Every structure is written in structure tokens, then in C-alpha cells.
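Letters A, B, C, D and E mark the chains as written, and numbering starts fresh at 1 in each.
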């Protein structure tokens, strides 16, 4: 059964564990975001849009993966909103929905041939990040 | 005093020096590090969505192994430290996750976050003491202007990590001071280097690294130290090599006079 | 209908004149011996209904309230359940009222002297108003001078007049007024008693300078060799000598020795100030003194302080000298400040060209680092700072990051708009995420939510509008006064709207920021309001006391002294007297309650093994009846 | 105990004869030899009935409330014989200003434990006509209609002596005792711990079965030195708990719980309640629970160890344990 | 737990006039809902609550009793709640000892400013009592057949 946009938004809230209603729209998350320039939507927009139930555009946005999960927004949010968790929830749902595997084991040899110094950790986290 | 030690996958491969320097230095300082048997990869990234339990289980196994040995669990890699500490916190505070993880693993004694996870730096500061460490230094790093690079994983989220003041951390600076070096404080030391996207979005990672290195340089740093293999890779890759990046354990190894001893032995 | 109930009437506004008349008429018509009003909280209208009953000739204490609003209709969504509960609450009140006994209030004395704790603008104004009405007032100030935070301010909004120019005359007046006694460098240590007759013990800390001898000439300050003490008045931006007068207009204009800094007091050597003091005011042997005094009323005016900005080190307050708090900027802008009023950046004393203001640092913050409330004054003082800087130094670029600009108040919004429109202050809707130093300048990374872009500004100074919090002494003082205090350490009002300057504890009044964030005009008007409440109290010759006091049944009393030991007011004493116990005469040791001292807490009633001690208005039987009615 | 007994009786006579006291509160044998009841002797002559033997368990301190006042009114003094455990009660009553100390002459009497006739009977003796203490001080010779037998004293002690608090007197004007204080005997909280270890349902069943035996004879209340109110709350209509009418079962159900709370912090664990209960209800298990909790929560406290102590329920410290924390302790 | 489907818990809340009763008023004026099963009895101070009142409530079939007062140190009468704390610690321990589940008794410190806490505490307490089910025990505890 197809979920409505509103239901997906509710799911985002649930799996992110974030209470988006607590946001007072100060923008500190976006002020502190090191990936601001790389992303189509910015942390405060994720929070605001999820709060309003507008998640479709977010789910379609490929730049969601540019979030560094650095937690600066979470740390500095005066309201305890945890925007990074919202971004992560959107990314995970998008990957689940698209059966989206944006990173495959087949990519690894090529990457390693380009740069043999790539640490294990980078590969493991890439699997975590880009695959369902 | 003996501790359980969790090296993690990268320290067995690309970051062997981080591991070796850490172990050898601990030995020289009289600290026993016992590698956990049959450990598995911690997963490298803490799963941020609440409905993912399976991806936390390998961390729980490691935590349980330390609990069963009755030891504190020492980590060295920042990513492992982040994952293990946060999963441990979930097991301690989140009934939803705790009951599911225990159901799945079905251990003889259910796990409820009893293990104390400490980072190698905390081991030196809180268990050994930086004063004690300073006395063990044979080869003080005199005149070296060293910028600590904390990154994100050790510090955030601070409520869970409880590592240091997340906005004005001091532990690595104090560590450098104990080794006889001159710490250089710069504002970007707790900002992300972008390592998480280093495989797919190099340009983005580069922007972050450049900001950090420029800031460290402007404040007078001549070298940078880190505890994270991924940061190390990223910080080295996206610069011209004019700013040396070292592991914290390498510095320690050097200050304890062990590097010199190696060189002498080679001769 | 409940047993005993002979008349019931539904009326929408029972507290209205008409409603009260219904009660009065019913009492008269039906010869009622008790009244239950099912209405709002007794904390709201108990007094109203009691008065109405009294007017109809019924003892006012024969009235009980069933709280079916705050405790029922306002919180229960399910109408049926709510109605059921309302019935139960009514039943309990009826059960209680049938056991009520007529009570008569006693009288207690009023000591015609007031104590004001805190000598800032709030305390000064309150004291002046009380003194003007002819009552003696003591101001206890913990610092060496009165004046408080207002003395530290440069200019005031929205008029931009000089803060000390308007404060100093009030300070001088407080000193000159013969009804006012200033007890500076002193703290209240103990308070006992109750409304009308509190007893306070005040510790006057040793100044090591004879207050009545020192002329305030200041020679000692210039000769003192220990000059490393941080100048508190200038927020630690510069140093002062160990012997010092806090600032030029200090009242009393008397020096004080900082014993942590004084070489003589620490090592026994030096003694220079004593040598140069022609008045002979220095006394290194001075000890703390204690003053004990009785007061009819006490006013809390303990004020505020800015929170510690180092809790927000993403703004690099701890590591960069050029990141300052607003109060520090006040001192930098002030002619008596560390830079003589010239705007210079602290790190290198150079003229700044670009200043960024960050609002809401620690205000409206529920993360645990800051305060959940709005500090109320920051929007206005930031506008003031921005305007003053732009006015005096038109070459300086000023940016203000704000979440909301909150300017309710007379001429406030106009003031803020003037800053933006006339003085070209750059207001940016958004917050700053990070401030750090690079190449000798500050880098400010923030967001402009209107243009939806992250912006990076280079600045020479960053000013943090840090949240304000109650002075840390407030909690201690409140505990001493048994005044209730909220989770943020602001003192609770008796009623947030209708009794905003009174504490629920009778005889304790609130003035200034100790009650909640407020600006100077609000503080002054609240100070006046508190003073008028105090005057109203002190003008009385007697107070009627709460008749709900403990009472001991002589015949039942064992004389065990348990009650005496738990009484916080020493209201219980023992007397050996001849008791006639049903014809048997016997000399017994029995408890006596001094009704003027008893405040009616009931602690004694529970420790009394025989049940001799009971509380009027809340008797064992009455409460048992309520329990019964609820659990029916 | 024989020797002490003789000396005690002789001394009592002497004090009466000298006129130091004009009354003696002691024990008088009743219809049966084991039936030694408190008695106030008013003449030297009457003292021939004074006994002090293994059946003088009754605590006489409570009798001093009335008698000390009465003695004062008559311008005399009353002699009271107090065993070590009784002195705690005496002190507690002094603390509560119940006894006119100046009118009482306290003769501390040594005690080696009192015997329970029912426990002797439980050993199989029938038709008991008398009991003699043997010279070893450890056994009794039991005379019966069917011949003599022997029983170990330790096996037939009354409950309070089984868990004797010690042989030391807390207060006395004069002491007649050969005992050395060996400290407390046995673990008096063992019974409490046993109950605590049970499930709430089992605990409830235990108390329900025990308390259902109660016939409200008020023997416990009458014997208890802490239950010495001029008028008991249960007899006082205004207290809101007395049950004048049968319609109110509150008193019936809650009597012992309320009584235990009323004496909490004041009970010296003299054990009289349990001893006098005709139904054998272990009432001391209530009192010892409070004593154990008080010791654990607020530090060791022995009511009556000294006169003038401030009891734990009329005292506090600012960092006392929270009731919520308490509920996580003790019990299952 | 409960067999009676219509059962609704009966909960008595003793609140001191200065802090907790005012806190309950604030919960009311802030419309912070909690179940109607809670009925409040106003006391001048938590130290006025005689253990007999609590026993009475249980005997009368209350399923839970909660006592609320000012935070220790903030008592309007300065020391009342310190005595309360001791009394209730001992009383609740005793109730537990006779088999009344610990969850049925509680002491909470709620200030006049803590309307939200009042509501939260009541919601939590009612949920706990619902979990424990009907309290039939004390009414059945007979001292006399």
C-alpha cells in the first residue's frame, strides 16, 4: 500500500526520534552546517518541511547524502531538535524506497586502484551510508 | 591495571601504526591492554535511525565481551569510540533497543550497558594521569607547535559522548603539553573534515579540509594530530603535504623515546 | 442531594456581585450553617466567598470550596468523567464543611520597619518609597556599594540617557534619607518569624576600613602595591588595587580591602594604606559583625547576573578576547570604563571596523546549556549598542543576528527601527553557528534565513547578548524566607497577574529581576508597587492572623514534648497546670499553642501520639471525612 | 538467678524499712507460680509476696507513670525493679516527661532471661506444679503431677529474651546484678528479613492470617510502655479513627498498623506486646521492621538508650533518603 | 490484571497548599490533562498528612495514594516536608511489608511553578496504578474475624 506523504512524514519523525515541533526557527543548524553549500535543502528546511508534512521533495533530493553526520547542528541546536537525525531518516527512507544501492562492492576495487590508501573505515561507512 | 582493548578494523589494516604505537606506548607506561577475543567490526557509523537494531549488534557483542571480563573497554579509533559509546548508551537508557538487542543475541546474562567505554586519551588522562605521563616522557617535544584536530566523533553528541567540552575541548592540548610540546588552539579543531563523503564527493571533502588546515596554520600550528584514521586519510589527501598530520599515538611513542629506541635498534 | 444539604443553586459567575448575593440570600433564607462553593481554585476566590458569608452573618470559616475548574473541568476532556469527578469533589467538600467549626482570627503585632535585600535600582527605589511614607528601612547589599547592575550600564534605552546620571541621585538620596539605613558589604544570614515580625540576622563583612572614618579620598588606592585584583565593576576587563572604592560614585564612598589580594592581610607585611591614610580609617583587625533586627516586611531585590558565556564556546568566548558579552561592552563604551569610553577591541586595543552582535545567547535554550526563557532586555540593549556605535563611529559596520526582535514597550519598536533605518544597522534574521579567529580577525559563520544563504563575515569584535539569570544568592535568600522559587530560580509570585509583587509567603515582597526578567522602567514601577504593598502592611497596627492554627486538647495531652520539637515557629510551650479531667483534678504538664506564632503547618498534629494536637480548619476528622467521601 | 533474687528482695525490704521509699513496684505471684504479675507493694509486711524469678518478664516501667506522680503527691518515693531491657522503656518515658524521676528509686536488677510457660508445656510437660532453676543456671527442673523433668533454659525463653538486647542497665540508682554485658543475643531482625524476602502477596497472606487471630483484647496496648497515652486515639471519637459504631471497620482493620506507627521511633523493642498477646500474634515483627528501617535509613538509633534523645521521627537531616529510594531497598 | 472491566482506579492525592496544590492549579490553567481518577485533598503542608489518612484511604478502597509537597528546602514552613519525608519513607516501607505494593504509594515534590511536572507525575502514577490493578487487599486485612 502506498503511504501518503503525511504518513511518510510521521514515519520520519518516528525513526529519527526528533521532535520537530520544538524548532523555534532560529537557523543555527544551518548556520553551523559544513555541508550547507553542497545540499539543496538545508538543515532548518528539513526540520520545517517534515514538520509541515512536506517530505516528497526531500526524498527525491540526491544531495541528501552530502550531510556529513558531523552532529554540529545537533550539538548547537538550542531546542534539542536533532536536525541531523531528520536528515538521516530521510536518507534511509529514500534508500529503502528506491531499493537504492548507491554504492556497490563492485566499486571497491576501482576505488582502491585509484587510491590504495583508502582506509577500511571509509569503505565500511560508505556501505552504511549509501546502501539500504 | 588491565583493560579490554578494541582496536577496530582500520587499525588492523591501514592504520597499523596508530595501533602499534598505542600498544607499545601503553606497555611502556605499564598499562595492560588485552585485545578482545574474536571482535567484529563495530560498523564504523552509528546507525542514526531508531528502527535499525541489527546494525548495532556487533557493537553490543564487543561491549558484552568487556563486561564479561569485568574490564573497562579502551578504544583508539574515534569512529569506533563513537559507535561503541553510543550503542552502549542505547543499551543503558533505551528500553526499546535494549530488549530487542538482548532478544536477538540471547546472552546468558542480558546486557544493559554496564561496560565503561573509555578512549585511549581518557585512559591517559583519567586512569594514568597526565602528570604521571609527563614524568614518563624521555624525549620532550620541545618547540613543536602542534594543533589538535578533534573532529566530530570524539565530541558529539556531547550528552552521550561526555568526552570533553564539545566547543572548547582541552584534552589533546593537555596531552601535547604533557609530552612537552606547545599546543596550538584554533577554532576549526572541532569542525568536520568531511571524511564521510571522501569517497564520492571529493571536492566537498577538500573544502572542509582546506578550511581546517588554513585555520590551524593561521594560528601557528606546524603539525596536526588526530586520533581518527579516517580524518588522517582525509586530511592528508586533500592538501599539498605542507601540513604534517600524525596520530596521537605516534607523538606519544616519540615522546616516550620509543621511536629513538627503534632507530637505534635498526642501526 | 448530600446529607445535610438543603439548598443548591447553579450560577455561572458565582464570584460576581450577583453570585455572591445568591450565597448571602441563601444563608439568610435557609439559615445555612455551612456553604460549599463548587468553582475555581480556593487560592483564587476563597477569600471572596468567605467575605460574602461573613456579610450574611455566617462565620467565614464555614465556607469550603470544591475546586472543579483547575482540578477538573480544565483538565479532563471526557465530560462524563469530569462531571463524575466534580460530584466527588463536591461530596468531599460537603463532608468537610459539616465538620467545620466557626473560627475567629487572632491578632499579631506589626514591627514598623522594612528590610530590603539587594541595593540595586530595585532595592533603592523600593526603600526610597517606603522611607518617604515615613517608615524606617534597611537595605542590605552584599557588595561594598549600592547601585547594582544599573551602575554598570553606560546608557539606557530607549531614551539613551546616561545610566549613572539618573541612578546616582537616587543612590545619594538613599544615603541621605534619614529613614534609610544602608548596610553594605553585608548578607542576611538567618530569618525567622513571620509577617509583621520577622527577625533577621545580618552579617556585615569586615571591610578593614572604618566606614565612619574613611573620607573616600582614594589615596590608599593609588599607593596600594597589589594591583592584580580583577575589577568586578568593569567585568574583569581591567585590574584594581587590593584596597579600592568600587567606582567613583560609590555609596558609601568608602574603601574596602579585598582580603584575597591584600599583602598585609596575607603576609602581615606592607601596611602602606594605613600609613598614607590621613583619616586613620584602616583597621586590619576588623572582624565580621552581626546585626540583629526585627522587621514587619521583607522585600527581595536580589537582581541578576549574565550567564557564563563560556557555556557557548562555539562563539569562542573562552579563547578569543574580542568576543565579549553585552555587559562587558557596556563597560567598554563607558567613560569610566577600562578604555575611557573609547571603543577599542580588547585583544590589541585597536579600533574595530566591523562588529557582529549575536542575540539570544543562552536565552530560549532548552538544550540544558542555557535558559528556557526569553531574557527580555537583550533585543533592546543590542539595538542601543548598535545605534550608539553607529552614531559615534560611523565607519564601523554593525551586523545583528537575531531570531526574533522582541520590542513590546513604549517607544521600543520605534527605537529598534531607528537603529535599522536611520543608523543602518544590518539586521540579519538567523543565527550564528560558529565564531573563530583567523589571521587576526574573527570569522563569523551564520545564516540569513530570509535569503536562505549561509554567510561568512569577518569581524573585529563579536558581542554576545548573553541570557540573564537570577543572582545566585536568590535561592539561598528565598529558602531563608520560605518564599517559593521556580525551576529557573526566579521567585514565584502569589499570583502571576493579580499579585505580582508579593510572594505567597505573607510579608515577603518582590522587586526587580528576582521575580523575572525586566528592564529598568519595569523594575522601577515594580519597586514602587512592592513599596506600596509594604507601606500598606506597615501602616496597620495589628494583623489578623490565620485562625487555622494548631490547638491542643489539654485532657488528651500526654506532655511528651514531641510537638514542641517539630514546631518551626517555637509556637508550642509547655505549662504545668491543674487539669480537671472529668472531675479528677490533677497537675499535668500540657502543651499550649501560641496562636499568634502558629502558622498552621500541622507538623505537630502528626507527631502527637494521643491526637491531642489538632489543626483548626484542617482537623483530623475533617480530612478523614474528605478521604471517606472521595473513596466512597 | 537465685542469688540475685534473694539480694533484690532483701534490698527492697531494706529500702522500705529505712523509709527511702514508701512503695515498691515489683512482681507478685498469682494463682499459679508462673503467673507473676506487676504489683505495687505499700508496706514492708506485704513485701513477703514479692518475687523475682524466671517468670518476672513483665516490664514495670509503665507503672511509674501513675505511681511516680502519686508517690510525689504523698511525699514519698517509689522503688521500681527494672531489668536491663526495662530500663530502655523507663528512659523513653523520661524523655517524654511521663515519669517524675525525682520520686522514683530505680533498682536495676540483673536478669538471665525469662521463661515462657507455654514453651515449657510445648516440651511435653503436663500438670506442671512448679519449676526450679538448677545450680548450673542453664537448666530448669520441672515438677509435674507425674514426676520431675529437666529442660534447657535457652529452649524455653520468651521471645524478647531470645533476642536479648544486652545485660547492661541504661539507668539505675542502685544495681544488683552479677551479669557481664555480653551484648545482644541472636539476630533480632532475622524474622523481619525473612518476611522482606517474601513476595508482596505472601507477605500479605502472612499478615492476614496472623492479624485475623486478633480479638481486640487490647492486651498489647495495655502492656506497651509506649502506648501510654492518657486517652488512646482509638478511644477518642474526635480522632476520626475510633469505631464507636460497627459500621466503621477502619479501626478493626488498621489497629495494629496504626499502633505500630504511633510507637515508631519510640518503641524500645521491649517485646511486651508479643509476650502478652493471648493469640500469639508476632507483633514485634511490626516494631522491629520500623527499628530496622530507622537504623538503615537514618543511622543506628535505640530508643531509650539515653533519656532526652531526639527521636528519629521528630528529627531530620536535609539529605535524608527519599521515600522513592526507600521503596527500592528492602523486600524483594 | 484487573478482572473488573469497569474498574477505574481511585487515587487520592494529598497536596500542600503552597507548592503542589498551586502546581495542580497551574496544570489546570495550562490545560495539562491527567486522568480524572486523581482527586486532590488540600492540606496546609505535606507534614499535615497523618499516616492515618493514608491508611484510611486504603482501607476505604483507594488504589493508590500520592502525597505532594514543596521540594525539600523550599517548604513554606521551612521544615515541614523534611518530617514528611521521614514519615512517608517509613510508612511506605511498612505498607510494602504488609503486602501493599510499593507502586501504590508515592511522594513527589512539586513546586507551584511545576504545573507540567504535576500533570506528568499524575499521568505516570495513574498508569502505574492501572498496571497494578484493583487494590482489594487492605480492605480485606482484618484484625478481627
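Things to note:
As a convention for this text, contacts are C-beta pairs under 8 Å (C-beta built on N, C-alpha and C of every residue); 3 or more make two chains touch, one makes a residue touch a chain.
Worth saying up front: this structure is predicted, and the values here are computed from it rather than measured.
If chain C is removed from consideration, the chains that remain connect by touching into the groups A, B | D, E. Between the contact lists of chain C and chain E, the overlap consists of D.
A count of C-beta contacts for the chain pairs B-C and D-E puts D-E on top. A centroid comparison over C-alpha atoms places B as the chain most distant from chain E. Farthest from chain D, judged by the mean position of CA atoms in each chain, is A.
With centres defined as mean CA coordinates, chain C is found 46 Å away from chain A. Computed centre separation for the pair chain B/chain D is 67 angstrom, with centres defined by C-alpha atoms. Rounded to a whole number, the gap between the C-alpha centres of chain A and chain D is 75 angstrom. Between chain C and chain D, the centres computed from C-alpha atoms are 55 Å apart.
Within chain B, contacts with two or more other chains are made by residues 167, 191.
Residue positions of chain A touching 2 or more other chains: 37, 72. Under the contact definition stated at the top, the residues of chain C that touch 2 or more other chains are 314, 368, 434, 566, 607, 620, 623-624. Chains touching one another, given as pairs, are A-B, A-C, B-C, C-D, C-E, D-E. Only residues 51-52, 55-56, 59-60, 72-73, 79, 82-83, 85-94, 96-102, 105-107, 137-145 of chain E touch chain D when the two sit together in their complex. The part of chain E that touches chain C in the complex is made up of residues 10, 12, 17-19, 21-22, 24-29, 31-36, 39-45, 47-53, 56-57, 60-62, 70, 73-80, 83, 87, 111-114, 119. Those residues of chain D lying in contact with chain E across their complex are 192, 195-196, 200-208, 211-212, 214-216, 239-241, 249-250, 252-258, 260-261, 264, 286, 289-290, 293-294, 297-298, 312-318, 320-324, 326-327, 329-331.
Against chain A, the residues of chain C that register as touching in their complex are 314, 360, 364-370, 403, 429-434, 445-447, 449, 452, 454. The residues of chain C lying in touch with chain E in their complex are 41-44, 67, 69-72, 74-78, 81-82, 84-85, 88-89, 92, 478-479, 482, 484-487, 492, 504-505, 548, 566, 568-569, 599-603, 605-607, 615, 618, 620, 623-624, 626-628, 630-632.
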